[in-house]
Structures are given as structure tokens and as C-alpha cells.
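First chain written, first letter: the chains are A, B, C and D, and each begins at residue 1.
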């Protein structure tokens, strides 16, 4: 066993052949361009690997709370967030390439484009992005190769992390006792009391999200006049988490102090971390592309910045979890759980 | 001289009095909330100090290229970018506060709000944000105190970094020779040739930006359907850099290899860095606020996220510099400068 | 309630009076020097606040596993690690000051010195650094002021985080059953089998650490010929964790998959994170001082780099926890716990 | 041209075959272990590429100050520092692997070891590390393969960046006029006056470094009792920069305000940045290895931590540049340059 063989460095280090060299017009910075994209693809590979492993665990018919599996999920999601932070930082390296240096070889790459990273698209799909919510569907079908499209399609057709999260949350057995129905009417009242006058409208939103069925809300995505607004309310057709799942998630956030809820809370927290890092990556990526090519057309034939800006808006995968924050109330106003519930949320040795 | 006296630690360390303590309902995380905002204000103070020093140098009637002043400007702008990177990172600390922990004291802060940071508003003004372009003008007038408003108004009424940049670029003497007029008609032709079919529209944009007068472009800011588009073209009323200044800046980008242009290029580069870090800070700040309060109303009476989202769009201070990237052409197609110009761009000892 | 009052900005922003201004020889970079040290002191204040709160919880006679207190400890330690990461990053800002720029005001600061930060010394003490292990004891007594020394002394005389950790670990009730004595003889055998030939010596080390009494090992700290070695073995007089506490900590690392051990594992993990970030901060701080003044004498009268280098070596507070890593064995070779133990490590609802 | 072909993703993404899978005992974290090392090797490849390009430029018989070549050197060195910062950050990802998770596959890797990264050793050699100064020479010869050793040997036998830096500094023509001899005797006097009583010894050091010949200083590297001291004085046999080169470098630091010296100053600055990032990487790498395996023997047969600790001490490549900081004096006490010299350090158009 030798380091070079183990890491298959003969492949890894023999995969950089700048197009500008091939064409006899060497452009120094093309090597960086190749290497950084390869580094991104290596990490996308790892992110996919971790995501699939989490999906594998979450997809089991019954997650045993006493097994280490939930710890494993949290650990691996947290690793994904850590990787994404490095990927954000990596943009600093790309930005050492100036627009003039990029121009030296940019035309030689057409029509290749970062849009063609099937791994990234598959990652989005496995985390939970549905085809119908994807911005730039037409590109996806026209620019990727058939085997790549099939791989992503296959990924879309299997249960995603988000779907399995929904099922897992729905299975949470906190409320199987009859008493639990009282809990939510009690909570709703307390929530209503916590709203200031200008916030009264939130109650209807509360009912929609936590009780369903979902009224036919207008779709704001088309005329969203700023970044903030369009992601605030999960729209009708976009909804990925059922009212029952949302109730479980909100309960976890409210009562995370109980031992049994600590890891579920961490699962939700890490998913939000991943979403935030993905968004930050998209945002900085978009800014970088803008600094690099301005309003020129990207090598793939579209304005990269427009695509990235729209994806930034629409590909927030776990926004329905984030939105539950709107329904929290102060700890001191929380309903007291009944003793049997408290017991069940604790340790044997507690 | 003693460390504690020198740093006036009696003031610095006696300025944390949580409101939740005062009201007899201690909330542990309020201390963090106070300290992190104080740390931000310390750094805003430093950013203002550096910005004013740069303005002081740039505002001199004649910057001598042989003095170290341009180096000083680049150095201090670069320091500002470094500080801003730490400020972005500092959001990680704020995010260790969960929404439930924030709720424990949030109501006690009303109507105080981060919006009331006059130092940050002054910093924006001194960098170049005009009152009329500011999002949330009404808040600014209604929420800040009179002396604070006056301080910002005074800042708005003095030449900003952006205005002085414009004058400095206009003064650049590259084109005072008659031959220089040929340069731009030559360059325009080469630029035109570099455009692909779908990019042809860029030529009109080129003429607008580099030759003026500025046609009355429609204002897209209201219906901008995504983040990317609205910032791409400096709109008529928004224009801060004159055609002459834009030509000088573009020339600097194109011929930065000549010694005399190296520091001017760094000035432009560092301003873009500052803009990008400010934007990233706003973006992560906005995401953080959204995770913290969802759709609830901020302590200052507005939805923090909406404000931050709109400011993110509209407060890009140096976007006109970034936009010049659209007008670059490949290095090998650049017009050759005449020998006299080349000589003037070089060192005595070269 | 107004932002400026709430944050007491009148104090925070009126505490910067450069000595070079006072003496009529303004040195631009002194403002940065003041502001960054004030920012550090603000964060030290917060680190102390979090540390004391953790000590308060850990010092309770009985930590109830079913209460959220252990979660709170982990959360706050993790926050400390996050703060320390930003403090490491902040050194980037200091490094924008060049040695020549520092020279412009350095002499004016004598004999003030960063060594005089009583908050940092108190933080070290509260985390667990004993006076007798401190490098530079003489400075501490001679350079700080009497009230500052007394504050640190008082801190040293109260139970530190490390001492309370020791008690908490000793209290862990995993082994109160008679069967548990077998566990360790069994484990010792498995550990012995896992050692390669060149590692055989580790067994004696295992016995020392986990079974005690502690033989009178020679103190290597004086002639340590490299960084690595001197910290590897907790020396006799240095020992802060008893054999019983070490056994509990090792057990937690080995069986962290059980629900009851998950938070204790996180406690240990976060303490190692804090130690690593503190070390990285010291290391980068030392490098920065070296770049800034070379072999010149610091303003406080000693070579800052020597002090920092020695502290780097000797102030690793939780190295006894790190050292337990040497005694791990592969998961698949772990002794199977008996069913009653397994039950007690689980949830009621598991 | 397609993205996947251009990046040769068939190679990059088909190079991960965990040994634990091959042996039918899958260990989840081995994939991370492979991917992160591959990412490191990709970046080492890029660092080598940039380093060689800088060497190519610096090795030209005459660098023309009016050409953009010095800018290119600074730009690429700065890129190397940016890459190294990301490599430091990447250790965070590795640290998401716990010691227990590593144990699951560690034994399967023997005797492969990170020590066998020939690219990293070649990088050290090309930057300037001589074989005779290398810690762990025996490993290098015994553990690497013959073709790898030959590649490194070939790298050692060509002029390194440090050697070319020395020649370039020696060539600097500031002092070819007779008057320049006076400059240094004048400067020496001013330096002497700047020393405090306890610093008087620095004058001898000044003479050694800047005037030579080099007295036979004792080699402290063996008994260095702390990190700081051993690197302070370039030892006799270790010296890489001649007195003439050191004088030029010191002059550049002192008079960097003149246009002609600005880029040379940046060259020196970026080399120090690279050294600091390399050191920080080694330091965090060492800490990480210690947390991972404690005092156990690494897969390569040695204690990784000892090797890394010693390399940390001895592989500081540009410490002779850093050491010059000791010889700076205050700006206001600098000798005034004569007008002809000033003219030659300026722009034609100045």
C-alpha cells in the first residue's frame, strides 16, 4: 500500500489539460480554472456520498431512538455544512483570477459551462429539489448529456432527504395520546396572544401551515420585488412538509430541552445550516460571475448571473423549516407538558 | 502607561447592562447580543476612520504619483476589506443564538433596532450612497435621533469617496494628447467585433456608459424579477461616474500591466472587494434575521429582512466600476499604445 | 429604548485616544491598534461570561440528565469555540499593520503590553490553568496591578472548569455495579492486543493514566526538544484528571453511540475544540509578533515571542482529555455492554 | 466541448476506492479520507504550477521593471497564499472525522502515509528547502519511490525560488553609486541609537546579517527549548540570503514608499504570507494528528506529530526575510535619499 496508489494520483494528477495549451495559445490561469472546478467536483462527490448515507438511514422503516443512528445523521449533516463552508471560502481562490486573465481563454471553452455539473444538480435533487421547482429546466434538458440527465432523473424519482424528513416527522409519536389535540388549540391561543397588532395576519398563516388544508394562495414567485419576500411563505404547490410534519418540527423546536428531542432539533438545525451555506455559495458565486463577465453571455449561452440569481431565490430547500420560526413563543409562556409525556421524553436513568 | 488605561477598559468593559437583568428576568444570551453589536460598532468606527483618511488623500488637488499616497490608499482600502471579512465571519457567532433564546429578551428591546446604527449609515454615505438612492429613507428620518441625522446629513453633504474617485479618474492625464481620441474609436470597433450575435445590444450600452449623454433608460428597480438584473446597468439618475471617468477606469483595467497604472488598478480592485464584502455581509445578515424572527416584525417596527433585502439590491456602491467588466476585450486584441504613451506610463529607471 | 443608549455607545465610541495624537505626532495605525485590542477585550469579556455560566452549571451538586443543562453546557462551550475562531481570524486585521507602521508609535506605548490583559489571564485560570503551571509567573506578579492580580487570584482559588469536569466525570455512575471492575481488565487486555510491537510502551502509560497511582515521571518540560513531545504525557505534578475521571472520559468516547453519553461526549469534544482554537490563536499571535518586531524587545520589556512560544507549549488546558485518544480501540473489538447497562444508557421511549 | 470532458471527470470521479470496501469491511469515513487527500493533492499541483511560473520569471537574466512581470510574480504569490488559507480551513473538514471513526480503517492503510506526498516535498524544495536542512531525511529516502525521489532530487538541483530571490536582490542596482557605502554606515549608526540597553546585542546580529562574513554561531536547533527562539537567527550553515541581498531587502522595506520599490516590497510580503500560511497549516495539521491518534504510531511507522512538530520548527523557508524586521528604524529617523536616487526610484510622469 502506497500513498500514491491509494489515492490513485495517476488519475487525479493527470487530468489537467488546458484547452489553451492544446490550441497553442497558453493562458496561465486556465490551470487554476480546471483545478478549482475539479476540487469542487471532488467535494460534490463527497456531499453526495454523505447525503445518500443520511437518506439510507432516514429511509429505514423505524429509526430506533436508542441506536446511534440519529447521531450519525446529525454528524454527517454537520460535516456537509463544514464542507460547504470551505466551498464558499474557495471562491476567494477563483477571485484571484481577473476578468482580463479569464478572457485569455474564455472563448475556447464554449459551449462548456458550470451549468453542466450533473453532480451539483443531482445533489440538489437528492436533498429535495423537485424538477418542477427548478429554475432553468430547459437548460437542464438541453445542455446535459442523456446519461447525466438519466442519473438526475433517477435521483429525482427516489425519495429525497426532504421527503424522508417529512415522513420521519410525521411518524414522531408525541401526539398519539388523545390529550395532544388539546395541546395545539392551547398553543394556538398562546401564539395569538403573542402577536402584536401589525402581526395579526400571522395567525392565518399559522393555521395554513400547521393545520391545513392549504388554501389556494397566490403564487408570488413571479412578481417578487425583493429577495426577502418570495421565500417567506411556502406556496401551495411548493409545499413539501405536511401540517403534521410541521407540527412535529415546531414541537421539537419548542421543547428541544428534553433529551429525546435534542438530536431531532440538531437534525433540523443542520438542515438550515446546509441551506444557508448553499445560499451563501450561490450568492458569492453569482457576485463572482458578475465581476468576471459583467453583462456578457456565459460560455454556456446564458447569463450566468441571471440563472444564479433565480436559483438563489427558488432553490432554498428547507425554507419551510426556517419559516416555522415565525410560530415560536417565549419559553416562559410555553404550555407545561403532562408528566407522562415528560417521562417519555427522558432517559431511563434520568 | 498601562494596558488597561491605554485601552480605556474601564469604559469598554463597563458598558454591558442587559435589559433583562434590569427587569429582573435574566436572559443569558442578551450579553452576547450586546457584546457582538458593540464589537460591530467598534469596527464601524475603524472603517469610518480608514474611509475618512482615504477621502482626505483622494481629495487633495493633485495626487503625486511619485509620493506614497496612492499606496496608502490601496493599503487602507485593503484593510477595510479585511475588516469586512471578519465582520461577515462574526455572523457565525450571532448564529449561535437560537430563535428561542432570542425570544427570551426580544420584546424588551423595542423599539431599539439595528437600523439605528448611525455609524453604518454614515459609512454608507461617506463611501458614496446618496440620500435619494437609499432604501428606507423614511425610517432614517423617523428612527434616528436629530444629532445622529445631522451627522449623517453632514457626511452626505461632503464629497464622498465615490465622488472623489470620479474626479480623480477624470483628472487622469492619459488622453490629453490629441491622438487619444482615435484610441476610443479604435477600441469601440474592436469591442464590437468581440461581441457574439446575442451580445450585440452591449454596444449601445458601451456608448451610453463611455460616451454619454445618458439616454433616459427605464427604471427597472421596481419590477426587477431577480437579483441579478437590476444592478447590471447603472440607471440614468443613479449614475455616479461620468463617461470620462469610466473611460479612465476601463483604460486602467485594460493596461494595468504598465507601472503607472498598477496602483490605480488596485484602487478599483479594492473598491470592488469592499462592495462584495458589504454585500455578503448584508446577505448573510438578512438570512440570519430571517432564521431568527421569520415573518415576525423586528424590534424596530419593520421586517428586517425586507429592508435588508432591498438594501442588498440598491446599496451596491461601486457597481458602475464592476459593470465596466462588460467592455473588456482580449489582451491580444488590445490596441498597441504609442511609444510616448508607453514611456510616460513607466519608471525612470525602467 | 434607543440603540445607542442600549449599547452605551457613548462609552464604547469615546474610548479611542491614540497616544501619538496626544503627543502631537499622529501615527495613523495606532487607531487600529487600539480598536482591535478593545475588540479582543470585548470578546474576552464574553468568553469569561460563558465560562462562568458553564462553571455555575457544572458546579451544581447533581446535574440531572433529564434537564436541559447539559445541552446548555455544550451549546455555550461551542459558542466559545466559535468566538475563538473569529479571534484567530481577527489576526488577519492586525497583520495589515506593517512593522514600519507599528514603529511609528511603538515606543510611545512602553511599558504597556498585551501581557497585561487581566481578562485573558483570568480566562485561562477559570478554564483550569493553575498558577504553578503558568509560564511567566514573575511577569504576572510584577506587571499587573494589585486589583487585577487579586481578581485573577480569586479566580484561581475558585473551582475551575477543569476541576469541576474532573468531579463530574468521577460522579458518572456507569461503574457503580460490581461487574464494572471486570470491564476494565477486559478492556486493558483488548487494548494490549491492539498495540503493535513498537507501541508496547503505551500499556504502562495506559496503567498510569487509568489506574494510578501516578509514578514519579521525570518532568520533560525543561528539555522538550520539540513541540509535540512535551504535551503528550500528563506529568505527575501536572495531573488534573484522576484515574477515575479518565476512565469515565474514555468510556464516554468509546460508547458515545448510547443516548445518555452523547452530550457528555460533546462536552469533551467542545473542550478540545476550545483548546485547539486557543492554541491556534497563540501560534498565530506568536508568528504575528515575530513578523512585527523580530528580535526586538516588546513594549512590556520581554520578547513577546518567547513568552507566547512557551505559553503555547504549557498552557494546553485539556491535553489530558486529548491524550485519552491513545487508548481507544476499534469499535468492532469493543466489549459488549451488559443489557442492564445498555438499558440505563437509553431513553424511556427507546 | 463539454464540462465533464473538459474537466476529465471520468478520471477525477473514478478514483475513490476505499480499502475498507475492498476488504469487505466498509468504514464510512474512509471516503472522506480519500477525497480530502485528493483535494489537497490537486491544490499542491496548483501551488507547484504557480511556483514554477514564478521561478521561470525570476530566473530571467534581467527582469524589466517596466514590464508587467513583477506584478505577475506578486499576483501569483498572493494566489498561493490564498490557496494555502483554504488548505488551512480544509482541516476543519478532516476534524469532522473522530478518532473512533478513523480507527475503523486506519490499520488497513499501513504503511501508506501522508509523508509520502511527493508533491508537497517537491513544493518545499522548489520554494527553497535544501535537502540538508530537511527534517526526516531518512524517511524521505526510505519511504518514497525511486521515481518520486528523483523528481524531488531534480527539483532540489534546480535553482529554487529562494535562490533566485537572492540573486534578484543582489542585482538590485540601488547601491552601484559610490555614495551608497555611506548609506549603510549612516544607517548602522541610526540603528545603534534606536536600540535600548537590553537590545544592544542586536548590533552584532545586524553586522552578521548585513555585512558578513558569518561567524560560526552555535547551532541551537538541537536544544531549542521553545518554538520561538530557534528560528530567530539564521544560523551559519543555514544562510540562504547573502549580506548584499539582505541589504537590498532591508532597503526595500524601509523605502517601500517609492514607486520602484512597491512591487519588490510586495514580493517580500507575499513570501512571508506564504511562510506563515504554510506554518499555520503544519501547526493545525500537527494538532489534528495528535487529536486523531494521540501517542500511537502513524500508519507510516513514525509518530506523525513528532515529524510535523520538527518540520514546523525547521522548514520556515523565508525566516531570513522575517528576521530583517529586527533592523528597521522609525520612518522619521530614516536617512534622506539623495535627489538623484529619488529620481531613479520614481515614475517618468511623476
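A few points about this structure:
The rule is short, and it goes like this: a contact is a pair of C-beta atoms (placed from the backbone, for glycine too) under 8 Å apart; a residue touches a chain by one contact, two chains touch by 3 or more.
What you see is a predicted model, and the numbers here were worked out from it, not measured in a lab.
Chain pairs B-C and B-D differ in how many C-beta pairs they share in contact, with the greater number at B-C. The chain with its Cα centre farthest from the Cα centre of subunit A is D. A straight line joining the Cα centres of subunit C and subunit D is 30 Å long.
Taking each chain's centre as the mean of its C-alpha atoms, subunit B lies 34 Å from subunit D. Separation between the centroids of subunit B and subunit C, computed from CA atoms only, is 39 Å.
Touching of two or more other chains is recorded for residues 256 of subunit B.
Chain contact summary for the complex, subunit B toward subunit D: residues 64-68, 71, 173, 256-260, 262-263, 343-350.
Contacts from subunit C toward subunit D in the complex involve residues 99-100, 103-104, 107, 196, 198-199, 202, 205, 222-229, 231-233, 253-254, 256, 272, 276, 279-280, 283-284, 286-287, 290-297, 301, 303, 305-306, 308-310, 312-313, 322-332. For subunit A in complex with subunit D, the residues that touch the partner chain are 1-9, 11-17, 19, 28, 31-32, 34-39, 41-43, 45-46, 49, 53, 75, 78-79, 82-83, 85-86, 89-90, 92-93, 96, 108-119, 145, 148.
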